[in-house]
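Just so it is clear, A, B, C and D label the chains in written order, and each chain counts residues from 1 on its own.
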């Protein structure tokens, strides 16, 4: 068991080193403001894809309404800082809790559905959330909530991201997490093994939604504005694409997917007319050649990748 | 003898179809019971009622005096009944040992924060679960393949793993749905030996569904026979073997 | 075959990573003999058509300037970044234009929300940005009422346009009971509606119905049925021409034959085609630009635009064209490739003549322009009246 | 509002709703068919509808065809497009996880939308009025002849589709493939051919919808398929996906709900109401209104 502790500490150390290097690169402007912005965006997308991966990849529940929870986090966080003038740290916590609470309330009835029906229901709920926000004048309605201070920076995104990754990794390596995996593998068998499937599905959904909320708070406090147009079902598709491209049920995959797609999108900013066409072709080709995603449901192992990587996921640790 | 399971006049109706009618049975502690019948006789439906997958339309089922009707499968499992499936339902992408560990989840005490922050009971319990799972795998001769993906095991081992997984829930009654389906005679024979051994070793009761009569005759102490949803006979193997209605029901099939 | 696929997929990923990385490393410095102007435009997403028009307009202005030898003896290079019609991406695009491409001025975004989000970036980088169509007052003024130093606009703001139409409705149409049908996804339209309502009710008029729709809607009959039941004598539809065209068409079909009016979003050659020429009779809109404006400047612009793109310019193209002219003019006036000096020169712009009229910036960086009311008669725009601020 | 005018409004909204719903139904028919056969949520279906509208535009403006030939041209061209898309993007993935095919479908959808923007610019185009609309005014209720044509076409196409699926050899093959692809293959059915045919049929239906709707609304643009595609899918699920009359029913319900919410409440909540109804129905009848509840066999 000491092994697990040691691994955790090693990964954490790796994170510190990575953080120090990145922070220095940013400080000395070797990474310019444009790429700094995109690194922050990548960080936010990693939180989103990792949290969606918990629902779609690990628990096997097909949800495509993640943008709704992102919106809830973005707006509640902004209300805390802009409307109530309270600190950003509190906004992060409240945004997370609100999105989680909403996830719980939505998950309870809808997670009885499965497969495509759950997908379309979550898609609809995401849109309902957005339309409701669009009609609340208190938060600016269609014009969006403006004047949000920029509180998010690389350090915030990095450490919150690490927190979320560790949270979900440890969750998956515990009994509740294994229950989620069992539900994905075979819901009926899981239930006959004594697993209250509804409870664990709702648990995973709530955690995933909550972290989407966290990402939302970071998002609105980086881009100065929370606007309904940022949270359409197209955004949900974006996140889903990152997860599937990386490999459903793989932490490394979700991270890689977020990095790759955000990177491609930033790179293609040079070619605005062709951007979406190239993006879509890339998507199709990658899916044709790796339908199970870049990583399948495997993880990068510590042996392959010494720095900062962690061997999260399905394998039993520390034997 | 102490009564474990009591099935009292249960029926299951799907639309207009009576899949099981007025079925009654008792299982006592330590018994090894067989439930047989030709294909489509309602054996699996009866099984599904016992394990909470279906709620019986009529009649009651009690387990150690507690009502099973209306309970969800996971609650039934918590009461002390575990089952396997006719068509194997393993967690096929997961490792063999994880399959077994998942069945221990019911008994895990540590809380979610302890799991996330890895303190308190987490380490000790995880270690305990792993050890227990390994020793169970050893019993079922699967310890050498603990880290393989379940879907990569040969068929016979998958069947064994399913039983091992069911055993991990620490049941008082083990329900096996056609465990010998698809096995060759040699494997079947070994399986039967193992079933008997499990019963003696873990001191539990076993209910076995089979449509292969010869197999049931050899291991079971009492047998219930279903045909078209009705229980047409029950008794010790010798009685069943000579029961006219049973022979008719199995006409064309070999009765040894 | 399988191996082949594996190799291909690895190659594919490798290529992508490589391109992403090279993009990362390449910080393009502005070279000595060109000046870069950026366009933060809606190239994809729901408002892609606005961005495309704006891009066409800006290109035309810059090509013309380059043909005359550029500015300060240097050629102008136009760099476009896509803001995906979305606020956060507009910030990203702004950052890219300024940090990667080292532009000295930015035109765009067109959407108010995107402009409000993105302007924080160019303000902190001290590079001016001018939005061709961001009409919301908050684009150039922060929430404490302070003018944002580096943000300008080429269009007029919502209050003015809304008020102009309210006056016109009251005095010239003699409307008493007006129904408003607003594009709820656009803060431009909502601003117009709000200020129209304020001015109109202050003048003693009554708003009998307030309904809304969303961009890309196509069926308005349900809402129009509801409006019809409220018996208005005019309908105010601030919005963009694509939806407005369908609204007018469907309203006339529903037997709603009262006058209809809107703002400069109506200004497009497509409107008569979508709505139908007959249906469009008895409609009016406020604008600062009409492609039929008879100034020589505008005639030349329309001719050049039609030659280049084979269609008539719409208001987005015209205002983006003017924005580009304003930027080029400011660079000339500043007489230096210094972003702060260019900003100062821009702020002092007075009496500059563009295709959409004369521009003088006030203290809030809003152009002081006169508005025109245009009537559609058998599909043609007819100049009705001019209203000065 | 007194009773009489309320009733009058209600009936008018019902007419508006049914006419809007018949458009959703028209698109939903193709959606539901493709889903029925290969269980793929073909997110690109709405873009085929857009493609059909553009084919119709080309046929009427550039080739100078009249309404019916233009419609046939658009349907044929879209059928080819559908077959090509299936061949290139979906067929190689037939054994891939379903979610991967879904992502591919999203990719195809982006490709069609932005490819079209590249070719035709994002500017909306006006669709020529190839046949005139007559407005009927019956007792103060307004009905447009084009609305009737759209509703009629939807009904006719639904009937035709039902006939093809239930009474022709090809339809039998389709049903077999939909029921069990492997078994169908063992019975000597060329499933590639059947799936190609399904895509051709589904796509040409979408194209027909595209042309009819463009004539009705008069305006087309490359992103026009996004929302109707989504709504049509919701309609298909509402009625019971894979069931042809279900698509019709779901479409009409969606249309009427939207009209009623816009008419008596507020149009801003129109989409929320439509999605809300879908979710309620799914919770009480998870397989849609006309769907059969299928329980996984244990």
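Heads up, the rule we're going with is that a contact is a pair of C-beta atoms (placed from the backbone, for glycine too) under 8 Å apart; a residue touches a chain by one contact, two chains touch by 3 or more.
Predicted model, so just to flag it, every value in this text is computed and none were measured.
Asker: Go through the assembly and pull out the chains touching subunit A as well as subunit C.
Answerer: D
Asker: Could you find the chain whose CA centre sits the greatest distance from that of subunit A?
Answerer: Of all the other chains, the one whose centre lies farthest from subunit A is B.
Asker: If you average the Cα atoms of each chain, whose average lands nearest the overall Cα average?
Answerer: Per-chain C-alpha centroids compared to the overall one single out A.
Asker: Indicate the whole-number Å distance between the mean C-alpha point of subunit B and the mean C-alpha point of subunit C.
Answerer: 71
Asker: When the C-alpha atoms of subunit A and subunit B are each averaged to a single point, how far apart are the two points in Å?
Answerer: 40
Asker: In whole angstrom, what separates the CA-based centres of subunit C and subunit D?
Answerer: Centres of subunit C and subunit D (C-alpha means) sit 34 Å apart.
Asker: State, to the nearest whole Å, the distance from the C-alpha centre of subunit B to the C-alpha centre of subunit D.
Answerer: Distance between chain centres, rounded to whole Å: 48 Å.
Asker: Of all residues in subunit A, which are in touch with two or more distinct other chains?
Answerer: Those would be 134, 188, 273, 275-276.
Asker: Do you know which subunit C residues sit against two or more other chains?
Answerer: 44, 46, 184
Asker: For subunit D, which residues are shared contacts with two or more other chains?
Answerer: In subunit D, the residues touching two or more other chains are 114, 117, 266, 268, 271, 298.
Asker: For subunit D, which residues count as touching subunit C in their complex?
Answerer: It is residues 1, 5, 9, 12-13, 16-17, 19-20, 23, 114, 117, 121-126, 129, 133, 135, 137, 142, 144, 213, 217-219, 221-224, 226-228, 258-260, 262-264, 266-268, 271 of subunit D that touch subunit C.
Asker: List the residues on subunit C that touch subunit D in their complex, please.
Answerer: Subunit C reaches subunit D through residues 44, 46, 48-49, 51-53, 184, 211-214, 216-219, 221-223, 225-226, 229, 242, 245-246, 249, 253-255, 270, 273-276, 311.
Asker: What part of subunit C is in contact with subunit A in the complex they form?
Answerer: 5, 8-9, 12-13, 16-17, 19-20, 23-24, 27, 41, 43-44, 46, 80-82, 85-88, 91-93, 95-96, 98-100, 112-113, 116-117, 120, 125, 136, 138, 142-143, 184-187, 190
Asker: Sort out for me which residues of subunit A touch subunit C in the complex.
Answerer: 32-35, 37-38, 41, 134, 141-144, 146-147, 150, 219, 222-225, 227-230, 260, 263-264, 266-267, 269-270, 272-273, 275-276, 282, 285-286, 289-290, 294
Asker: Within their complex, state which residues of subunit A touch subunit D.
Answerer: 56, 62, 109-110, 112-113, 116-117, 119-121, 124-125, 127-128, 131-132, 134-135, 188, 233, 237, 240-241, 244-245, 248, 273-277, 279-281, 283-284, 287-288, 291-293
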